[in-house]
Amino acid sequence: MSVLLDLLLLSSLWVFALLTLTALPLFRGVVFFILLGLMLALVWIRLDAPDIALAEAAIGAGITGVLLLDTLGHLHHRADQESSPIRLKSSRFWVALISSLSLAGLLLWALLDTPATPTMLAEQVARALPNSGVDHPITAVLLNFRSYDTLLEIGVLVVAILVGLTLADKDSAQLSLPKLPNPLLQACLALLVPLMLMVSSYLLWAGSKQPGGAFQAGAVLAATGILLHLSGFRLTLRTSERLMRAGLLLGFSVFLLVAASALIDGQPLLTYPDHLAGILILIIELALTLSIGLILLSLFTLPHFALPEQERPK
Amino acid sequence: MSSSAVIFSLAGIGLCAIGLFGFMLHTHLIRKLLAFNIMGSGVFLLLVGMAQRSGHTDPVPQALVLTGIVVAVSATALALYLIRRWLQLSGSTELPEDDRR
Amino acid sequence: MMNLLPLIVLMTSFLAAMVIFMLPEQEHRLRSLVNLGAAVLKIALILLLIQYVVAGFRPELRLEVLPGLSMILRADALAMLFAGLSSMLWLFTTLYAIGYLEGSPNRSRFFGFFSLCVASTMGISLAGNLFTFFIFYELLTLSTYPLIVHRGTPESLRAGRIYLAYTLSGGAVLLIGIVAIYALAGDIEFGDLQRVAEMAPDLHPLLHLVFALLILGLGVKAALVPLHGWLPIAMVAPAPVSALLHAVAVVKAGAFGIVRVVYDVYGIDYSWQQGLLTPLAIVASITILYGSLRALQQTDIKRRLAYSTVSQVSYIILGITLFGPLGTIGGLVHLLHQGLMKVTLFFCAGNYAETLGIHKINELDGVGTRMPLTSAAFTVGAFGMIGLPPVAGFISKWYLGTGALLAGMDWVVAVLVASSLLNAAYFLPLLYRIWFKPVPDSWPHEMITRYRDTAPLLLFPALATALLSIAAGLFAGLQISPVGWAELITLREYLP
Amino acid sequence: MMLNAPIPLLMITPLAAAVICMLLSERSRLLVSFAAVLIQLLASLSLLLLLLQQGPITHPLGSWEAPLGIALRADGLAVLFVLMTSVVAGIAALYAALYLTPGPLRAHFWPLFWFMWAALNGIWLAADIFNLYVGLELLSLAAVGLVAFSGSKEALVAAIRYLLAALLGSLAYLLGVALLYGAHGTLSLSDLSQQMQPGVASSIALAAMAMGLLLKSALFPLHTWLPPAHGGAMTPVSALLSALVIKASLYILLRLWIELRIHELAPDASQLLGWMGALAIAWGGWMALRQTLLKRVVAYSTVAQIGYIMLMFPLLRADNAEASTLALQGGVLMVLSHALAKAGMFLAAGNLILCTGRPELSALAGTSQYRPLSIFGFGLAGVSLMGLPPSGGFSAKWLLLQSALASAQWWWIPVMLLGGLLSAAYVFRVFHYSFKEAENSDTFHRPGVGLEICALALSAASILLGFIATWPLHLLTLPDILPLAVLPEGSLEQSLELLQTPTYETLHGTSEQQP
């Protein structure tokens, strides 16, 4: 039964993926992409990875989807006519097809040739978990055992926003924004926002024991912000630049400070003192949640401060 | 042996292949970006799926995927910034064919 | 201190170059001062070094630049021969160049690279192994390029391109040879003949191949036929550069390198036993005859001189292929003699061009009346090239001839005689025109009218080198003469 | 306290500098950056000293030992790259400070610059294949940002191309990581090197990783993104990209190749890399000869030089320790001298463009007359790139040639020499233009002395490297560094001795025997 379900999921993944790439117009492709993301969230649950499922739904499908749709909104003006890319006569098509088929073949070969052995790392994580300061193994890996990866990953996120800031700085005129002046929506928002904030806090709190954590919480926070933004409430860099920047960097800075503080004791980087591990991780997560929320939100809002419509060169 | 893990490893392989296909086929930048994301999801599935085929949950690859998702969204956002800007300046969603001078 | 001397000698030109690069274009006085000061200082230092070498010391400095590979600067007797020649001729050429470039642009760049060029020549002469030799050999290529293209005209840019194509390719072949011999025998220092001599017999074919590569690489600069193509084309450079190229630096560097390979890497005994010298002698003979024949066909003075260089430099190579002391002396001494005589000829050709605008041979008619001193110097150089006594060229040919007979290579004598006749054939008509043809109504382009002959800075170096050419012939018996020094080298290093 | 922990300092400083730069005003950003450059230089030097005292250092992050945690590792190879980065990025930072005019553009440069530096250090020191992925992504995104940040149309096209290539490359690499983890259950490089068995999954994994890394290193025919990105970026950025950023993926490739013994398990793959390198030399050189823009010439030269570096791979032979050591030394020296020379060349090219005000080669006429110093900086770097002595490039070529002879692979010799001649051709083509007579000499601008000095310093360093190459090379022969490094004589004590005694050895003149 479950195998059937899995196979169904598998085929829907492949179908949605193909539709994402081939559906015309592009808008439908993006919609299929978001659906693919939601499907993936289900798959992650089947793979016993609820953390990823949450993240996939919130970030992979949610934020990425919103970003794509937002971009499409600009494309719309251009009457972007895209013809079907699948032209059997073009060499490009055949090269792409052959490459992708050979990739599939090779990967399949690799998969079949590799025996399924339990990884020793999972065991080590289980053994070290009591000393990690948290109960949830994934949070332990992310913020303790492999916290260095996470630190750099936040760096990647900051770089993305930095480039956004750079490009947005080119011109400071404000673009007219899509607004949702619907009163009903406003009312819904009034209910939804506190609810989402609560969800976010819960996810953060839960992270130490069960699925959830800074990323998922941050994503929900960002989603809240995006909703507010769409309804006309501007929480952007322009409102208070310094404060906003500080908010964006808060998570990264706190993380960095905690990481460096180990050096004072002569410990390796990112070492948490034994008793403080849990608290430090919580502090980091708190700061990260806020910053990730702000960063993801800004990823969405920043491009809205680009050249005004009428000044765009054709 | 976990059949889900094997099946979704296969699914991951399929997504990788489809993603690569799209990435190489399309010239439309946003389609390319979608293809990249599909391929990324495929890699993530393969990473967790392959490691969990013995039936045990492995938190390490799961954590890696979480990291990977955040990196992917950062890359996507950055790409979208550049593409939008390019769109504003040139009005095109494709790159000029050949840039050799 | 003594061991630092080779480095100091090198640095005098090198630092001079740096200072000149830094000086603003307008500082002509200061630049000339630096130039001449460095030249004089260098001669003094070389004389000091020669003292040490005569006393039996061998100042040496080394620096390990790669594991098991050193840069070695060492003053041995052969090094002093070449260093002495180039330091002396540098002084004259510098004087000449100052006069020649009076009032022309880009002098800062010119003199900077000029000094760099001499620094490389010093490095070549003082190199203690093939690796060090190669470093300066390539540096020489780089520093002469800007001199050749100095005028920035399309022809000179083309000449520069051809020069680079030849010399860099030659350098690459040379590098293969050096790397190969290093792989076979390790870091061979000059004079360390055991390594090659004691090599297992089955490696000998490989060694022969490497020998061929080394000669091929060096042959480009030494202008061995058929690798000589760049030399006549490079004539578009200003006259002091031509003088430098032909008499002091580039061509000589190639010839000197062949001397080092034969005597100091393979050893004359080994080369002779293995039969490596005869093919080289044949190539040298062909070059001598071919160069002379081509010189006959030229109508441009400088091109005729250029082909004459192709021919004359191979005397040096011919000399070293003659197994025996006299041939060796003949070859080594011609390294100096040819330099002195050829530099004289180029100075004179430059004077004719700068004073009266004479470039072609048929424009030389009666110029002896208008420019008697320059023409006298030219005559001395030409006589030397033909091999008439008492000019130095005679001495070279005498030693080469007797050396060939002693080595049992009688056919070389025939080559020498034939080439002397050809030399006469392409120089005597010039002398006839200069001295015996009537003065024409007007010169092609008279530029210097203030002086009876030409500007003193142009005249003096030509006269000085002409006198030195005669002196080298007249006083050949003295120990400090080129011949004396070549005998010292031969006695001390090759025929113990 | 801090200087005793150079490894964490090398990571913390650039990250902190990036954060602080984002928060401060533009003026203070400059000051912070200078201070951070200084700290980086000191930290890398103290890491060098530590290495010489203690041998290779492992730094378990968070006190968790690998494979559970992530370890940073500083061996000779890593320290060489850290030092290279400090020198090149330090000088490039100085150049940027002088080059960029005050304003938002300059303000945005610094945080991106520091993230890039952090990523580079992270990659040099990493010993974990997933961490390398994160490092690569951080590096790529920062580099793309730097390419794009002038915001012009050309810059955007270049940045998008670069980003697409970089993303695909990272993904291919991650695919390999997934397969390796599936097959071996570990991410630690040293674990992997112990467990590595020839197998289908491992081979495919490594092939995917290699493909990704080669795409990021722009090896022919995967190079098309490089010339617009490197040639079109602002001058200091071009220098950083060509000198350092592409080296990161090359470095990872080298690490994988040696530590996972690919050179032993798949010698054919090594040969393939070599031949791709040979094609890159030919194609890059040929294209460099055909460019009309100065910086494009330099960018295509990078394509060719990457090919040159690739020639080290077929020379790493499991059955020939001597050839392998020479190849490793030659290859690494090639990377170091290319970093210095190419950075110097880009900065010099930038100065020349400032002089003439135009980016074309033909605008150079007369520069050798009026701006000899700029041409001189370009020329010095050119000497090293052509592999002419005395320079780091030449010493590297010498070692590679020796290695080719020692492993009896003579066919690489003509490749190397022809490659050198081809680079001579395109370098001298630039001189050719500069020696032409200028039509109007009064239009030359004068770049600041500081800019000239930055370019000259880097170029001169690439020459100097030819004289002191034994120092860096001895770091490569420290014990324990790499499985293949045989130690002819370079034990730790000797390396120490070498660094303490001056290398100028004045030998006493030996009196010759009179005959």
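We call the chains A, B, C and D, going by the order they appear; numbering starts again at 1 in every chain.
Basically, contacts are C-beta pairs under 8 Å (C-beta built on N, C-alpha and C of every residue); 3 or more make two chains touch, one makes a residue touch a chain.
Being a predicted model, the structure only gives us computed values, none of them experimental.
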{"item": "Pair joined by the larger number of C-beta contacts - A-D, B-D", "value": "A-D"}
{"item": "Whole-Å gap separating subunit A and subunit D, where each centre is the average of the chain's CA atoms", "value": "33"}
{"item": "Subunit A and subunit C, separation of their C-alpha mean positions in angstrom", "value": "73"}
{"item": "Rounded Å distance, subunit B centre to subunit D centre (Cα mean)", "value": "29"}
{"item": "Distance from subunit B to subunit A - Cα centre to Cα centre, in angstrom", "value": "13"}
{"item": "Residue numbers of subunit A (touch at least two other chains)", "value": "107, 111, 114, 117-119, 121, 125, 146, 149, 153, 156, 159-160, 163, 167"}
{"item": "Interface hub residues of subunit C, defined as touching at least two other chains", "value": "none"}
{"item": "For subunit D, residues contacting two or more additional chains", "value": "130, 134, 137, 141, 144-145, 148, 151, 175, 179, 181-183, 185, 187"}
{"item": "Chain pairs in mutual contact under the definition given at the outset", "value": "A-B, A-D, B-D, C-D"}
{"item": "Of all residues in subunit D, those that touch subunit C in their complex", "value": "329, 368-369, 372-373, 376, 379, 383, 388-390, 394-395, 398-399, 401-402, 405-406, 413, 417-418, 420-421, 424, 428, 431-432, 435-437, 466-470, 473-474, 488, 490, 503-512, 514-515"}
{"item": "In the complex, subunit A residues that touch subunit B", "value": "2-3, 6-7, 9-10, 13-14, 17-18, 20-21, 26, 29-30, 33, 36-37, 40, 43-44, 46-49, 51-52, 55-56, 59-60, 63-64, 67-68, 71-72, 74-75, 78, 80, 82, 85-86, 92-93, 95-97, 99-101, 103-104, 107-108, 111, 114, 116-119, 121-122, 125, 137-138, 140-142, 146, 149-150, 153-154, 156-157, 159-161, 163-164, 167, 215, 296, 299, 302-303, 306-307, 312-314"}
{"item": "Interfacial residue positions of subunit D with respect to subunit B in the complex", "value": "130, 134, 137, 141, 144-145, 148, 151, 153, 156-161, 163-164, 167-168, 171, 174-175, 177-179, 181-183, 185, 187, 224, 227-228, 287, 291-293, 296"}
{"item": "Complex contact set, residues of subunit A against subunit D", "value": "106-107, 109-111, 113-114, 117-121, 124-125, 128, 144-149, 151-153, 155-156, 158-160, 162-163, 165-167, 169-170, 242, 245-246, 249, 252-253, 256, 259-260, 263-264, 266-272"}
{"item": "Partner subunit A, residues of subunit B touching it in the complex", "value": "1, 3-11, 13-28, 30-31, 33-35, 37-38, 41, 44-46, 48-60, 62-67, 69-78, 80-85, 87-89, 91, 93"}
